[in-house]
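See the structures that follow.
Look for chain A in each of the two complexes below; its partner is chain B in the first and chain C in the second.
Let's turn to the complex of A and B:
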């Protein structure tokens, strides 16, 4: 059906990346640059007095203190509209509110001098307060306010009881539905803070051009929002800031917001008037920069005797740490995921984000969906079990599918589901895993016990919608045909590694009927691209790909118009265009007239020679829907009942992503989505000592990341794609990145239960916790 | 207290002044500007900075630069150009083993070293890679790329890009 969509091509940046020649922020050097270092608060909650920079300056370093940067509150994430943006950050803090909060910074000609200058800074702390680490103690009326007032929509709002944001919602008659229910299950769940473990630590390099333009290279998922934030904080006009797009060594949500390191580097650059490179060590990145949200959830749900779900209730307390990145939006998306999972006839929701004196937390792959899905899929499994209904049938009867409303990213992002591969994925997946051989845990004996579990999830494709809601979501693309018929594709959209931009190149190639190798993906900056909000919400292929397709379509119209002049056709509509395999080019022709045939390259050359002008298009595109991509994962695990260690045996991962643009890269998203979900389920956890310092020495080895020996081998990992078509996506495609990880904790948890007959309501399900559960402890 | 070391870097005799406390990673990246060697953790835990030292894969952040005097060092950008390196890279691209790309040069070196040493068993290869952390791929397509490389090279032992130390 398609020439290029659905076929495999080596990714454009593959050789550069595999050979190490790809330049990441960490690799960028500018002649004459200074190296920056950040002075971080050793206390979780304190007030800084005098900062003596004289010894540092005597070493030849430039020092930056809170007095050197604009006293301006900001939020490092600019995805929400201004009214919903809560601002409580400063570039450098006079009142540090977590261990590691930047207080001052230095820059010097060598790293050694910078480090010595950092150590030469003298900071007096006027006051040191007891840190507040527990989100339930934080809301006590006697707790010290972590923030007294913050800005929301440009207005001061008072913070009460350390509550950063709240959201209540209800729908239907919950009491009536509860009365109708034959079974009701209520459970509490806990998800800890987790570290994203992107392989490239955060960093930034910046310099000033002779004309005063600030050029920035940084670890970001959004170059335009980084530009806007720098402009907001430092008051520089946006056309005097050029944030260049560079490959990103993994994001997983940790660079949706502009990392603080970027703003500090800019401050050092503006003060010194010299180029500055400021990169974090792994330890700094891990201990001081970012973690994911911590959730305390209570879910209550009911169903009737015949197996229809009645009501759902979710209480969701989130520990956001010392500052807001998405404290309010995460409450809305949590509700959105919850409500979109099943056809609840009544819903009650209470969400509360609470400040504590810990590292500010931010989105991690799935943006709350993996956690909510785990809680709901556990309760749903328990309801099915009590009703003695097969968990697959129970899900199929009650999930929100085709024709239902999907909430995308919360109450302001709603759309109707038009493509739904869940029944197909349930059928094919259960066959492949051998669902019928699944036995009750009661009959299992012996030291090693195996179990099979299912988890059904989804994620949105972007945050678009028919109405302009609380989230900004649009993108842009420039497509330009050169004078020889080669094509440049210019976009601000970032590729985290999933191959998003290669999918775009293929989409452009498909529209123009030229080989994808003819489309060059240009890496440029904010000065030369049109606005793209951010690569997040699994929108890269769905929204960005459609923008690219529309730009290609405009270019195609121009090509056909010029071709009709050359071929002497009555109008462009009289022409056909197709990929000519032999010429490896687009052929434009009049049907039935063999002499009336020309290639796209010839059209481009003629347009140049005859002064017809450039063939190019620049589009800005806002998606009017945000369709869900469904995922149904079946997992078989083996639990060692003597050590508590869980091992993956087999994974059957089904995904409904509409048309698959790049099969091997899409499968790669699913493998990686499973891997991160597996590590959330059994390993990832960041905890803190009483003084607010992380509990264990934070290093990658201590953090116990899965290695090639801990995850399923390729023989035991089956990927299934549903045969669906999304009418709003480019050539029928939907998103994937987050859908790939969203059902994993749920499927693994249900598999562990099926193995040992005991459920755990706390992740990670470590060997210690599993043993305790088996032995009947808490 | 500077000292001068002399070693062969990617086949070229290289002399550089170093401080005794400097690591090979720092000298390669900061002094010799070899940026294909990536910094991931600096304490030997992620494998992103893996290079070949006299044919063995080592994490360059744990090797003192002074120690490589008289040795042979090969980095990912060079290895990618060798016959075996090309076979690995081509397999990686065909199997979609490259995602964000930050850890992958380290994998290239590790896989190269294991294959050059004659390992032909997939499970042995998986074991050889435990020191390389990847957060994007779940290792599945990397293992597939290894399998494909094994098929490509068959039983032959490709010529090692790294010759004997020239001391």
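Let's turn to the complex of A and C:
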């Protein structure tokens, strides 16, 4: 069917990365460059007085204080439309609101001098307040306001009771539905803060071109939004800022927004008029820069005797920390995931994001879906158990599938589901895991007990839709055929390391019928690309891939047009194009006329020689739907009931991603998605001491991630792809990155319950917690 | 705690002189004469401590390449391991695997491949972490340490070496030359178990057991634990009560009584409660595994 789609090819950056040649932000060196360091607040909530920079300057450093940067409120994330953008950040804080909040910065010719200069800064704190760390205490009317007023778009809003944002929603008649229900289950869940553990700590390198243009290399999932934010904060015209794309060592949500280091590095560069490099250490990155959201959820749901779901209620309190990145949007996506999971006949939702004096939270892989899915899939399992209905049948009868409305990213992003592999994945997965041998936990005895669990999840493919909602989502691509027939692909879309751009190259190759190796992925910047919003929301292949395909299609039209001139065909429509294996090139031909055949390279050469002009296309593309990719995971675990240690025995991970563009990379996403989900389910968390200092887990020595030794071997990890086709995706493809991790906590939690007969409503389900649960508390 | 702004793991903030002595004598002289000089072997503890500013040093004396310290030797009735022998060398040594299988098992579980390539047994013991993985097996083997300085040599039993978390009896200008383990002609079963958060981790609890059973009764048992007290410890009272009992009874008694030999605390890796619960389980598991190996002795080769 396809020549390249669905087949595996070497990654374009594989050799460079494996051999260490790839240049990340950290590796960039500019002659004359200064090294920056950030002065972080040691207090969780304070007011800064005088900052004495003289000793630091005496060492030859440039110092940057709040007075040196524009006093402008902003939100580092620019995905929401302006009127839904809540702004409460400053580049450097006079009122630091979490331990680690940047107060000042220095830059010096060597790293050691920079460090000494940093330690030479003298800061007077006018006031030190008791930090507010608990989101329930924070909303007490007597609690000190963490922010008094903030901007929503251009409008000032008062912050009341430290509530950063709120969202209420209801549909249907909940009371009536509850009356109809024969079972109702209500549970409370807690999800702690977690660290993203992306491979690359945040950093930026800035320099000024001779013409004054600011060039920035930085860890970002979006170069254009970084450009826009720098422009908004520093008042520089956007064509005087070139944010260059550099390889990114993972994001997982931690660079959907522009990292504060970027803005501070810009400040240092503008003040010193010298190139500046500013990179966080691993410890700064994990302790002071970003964490995931913390959720306190209460779910109530009901079902009738015959097993149809009636209503669902979700109360969702999120501790967002000291500033807003997505405090408001996360309330909407949480609701969207909740609504889209099952066919609730009535829904009630109350979401509240609360400020506390902790590191600002931001999206982590799944953007609320893994957490909501865990809570809902737990309650759904419990409903099925009470009704004595098989949990798989119960799910199949009640989930939102083909023809239903799916909320891609909250209330303003809705579309109809057109491809749905859930029934197939349920059937194949249950067969492969041996669902039939699953027994009730009541009959299990002995020290080591095994359990099987299922979790069904999904994620959106992007945040597009038929109407322009509250989220910006469009992308662009430039495809250019060189004079020898080689192709340059120029896009702003960032590849986090998962091979998104390799998928694009393959899509372009498929459209043009040339080998993917002929398509070069050009490292470009904001000056040379058209807008792309961000690589997030699992939109890289679905939205970006479709833009690339459309650009390739336009190019193909030109190629055919020129070929018809050369071949003397009546029109381009008379021509066919195919991949010629022998020539390793696209061949354009007239069927039945063997002498009427020419390669794409020859067309390109001829167009050049005869002055017909360049063969290229620039496309801007907005997806009009955001289809869900479904994932159904079956997990078998073994619990040591004497130590509480849980071991994964087998995983059957089913994914409906439409057409699979790159099978190995897609399987890799699924393995990685399981690994991170496993770490959320049973691994580690970020917690704080009473003074707001992060407790214990200050480094990777104590924030533990599963290694390959802790995960199932390849033989015990089966990946299943559904045979679906998404009509709106490039060659039928949908997204995957987040869907891959979304059902994991749910499946693992249900498996642990099936092993030991006790449910835990708090993650991570550490051996300590499991042992206490087994022993009935202590 | 260190001020957060003084914390920069990209740099070692002190200016350090680096010495690479040609022999042990020279190393001792430098250590004696250079102020603030510290021994460095693999550096896997020391470099971290320097970056975290938990340790101040002016100079480093690198002993990692001294052949006088980097050896594993089978003597008459003893095995001697030079302090600069790496954990990987120990884990892979034929002599250690045959004569001190308990130590080999523990060495294999230390850190990662990369860490084992650098880390030394001397560093592991001199750091004196309660979680040091080579300590419980060496305690069970009744190992002795040879400490040298320009003033001479002294022998210290490992049981008297640790004085507290990160504290030992070693003096500033002393170097641990070697670890000497007496061999017994008798056969022992052995087992080292390390409970950890992931497979690459410092122990939450570790247990080392050497066991000899005669006619179904415990003739000798040695139990040592890590991460459950200020120093790695022998469970002397549990051992005493278990010796002479039928094996099954000995397991029950030792596993119950180990609580009296340890004093676990809460830290980043675990809680005191959990450590206490699992110490009991691990003692039981390790004794059973050691027993199986004892019965199959000879077969493990």
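The rule is short, and it goes like this: the second predicted complex is superposed on the first by the 776 of 778 C-alpha atoms of A that agree within 3 Å, B and C clash if a C-alpha of one lies under 4 Å from a C-alpha of the other, contacts with A are read in each partner's own complex, and residues count from 1 in each chain.
As a working rule, contacts are C-beta pairs under 8 Å (C-beta built on N, C-alpha and C of every residue); 3 or more make two chains touch, one makes a residue touch a chain.
What you see is a predicted model; the values in this text were computed from it and never measured.
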Touched chain A residues, chain B compared with chain C: B
Partner chain(s) touched by A:709 [first = chain B, second = chain C, both, neither]: both
Touched partner set for A:767, first chain B, second chain C, both or neither: second
First (chain B), second (chain C), both or neither touched by A:37: second
Touching partner for A:200 - first (chain B), second (chain C), both, neither: first
Partner chain in contact with A:672 - chain B first, chain C second, else both or neither: first
Partner chain(s) touched by A:100 [first = chain B, second = chain C, both, neither]: second
Which superposed partner A:236 touches (first chain B, second chain C, both, neither): neither
Chain B versus chain C as contact partner of A:288, first or second or both or neither: second
Overlap of chain C and chain B interfaces on chain A (superposed complexes): 111, 281-282, 699, 701, 705-707, 709
Chain A-touching residues of chain B, taken from the complex the two chains share: 29-30, 33, 35-43, 45-46, 48, 75-77, 79-81, 88-90, 92-105, 108, 122, 126-127, 129-144, 147
Partner chain C, residues of chain A touching it in the complex: 37, 39-40, 42, 99-100, 111-112, 115, 118-119, 121, 279, 281-283, 287-288, 642-645, 683-684, 693, 695-697, 699, 701-702, 704-707, 709-710, 767-768, 771, 778
Partner chain B, residues of chain A touching it in the complex: 8, 10-11, 13-24, 26-27, 29, 111, 197-201, 247-252, 281-282, 496-499, 662, 664-665, 667-668, 671-676, 678, 699-701, 705-709, 711-714, 717
Residue ranges of chain C in contact with chain A within the complex: 1, 3-11, 13, 195, 197-202, 267-271, 273-274, 277-278, 281
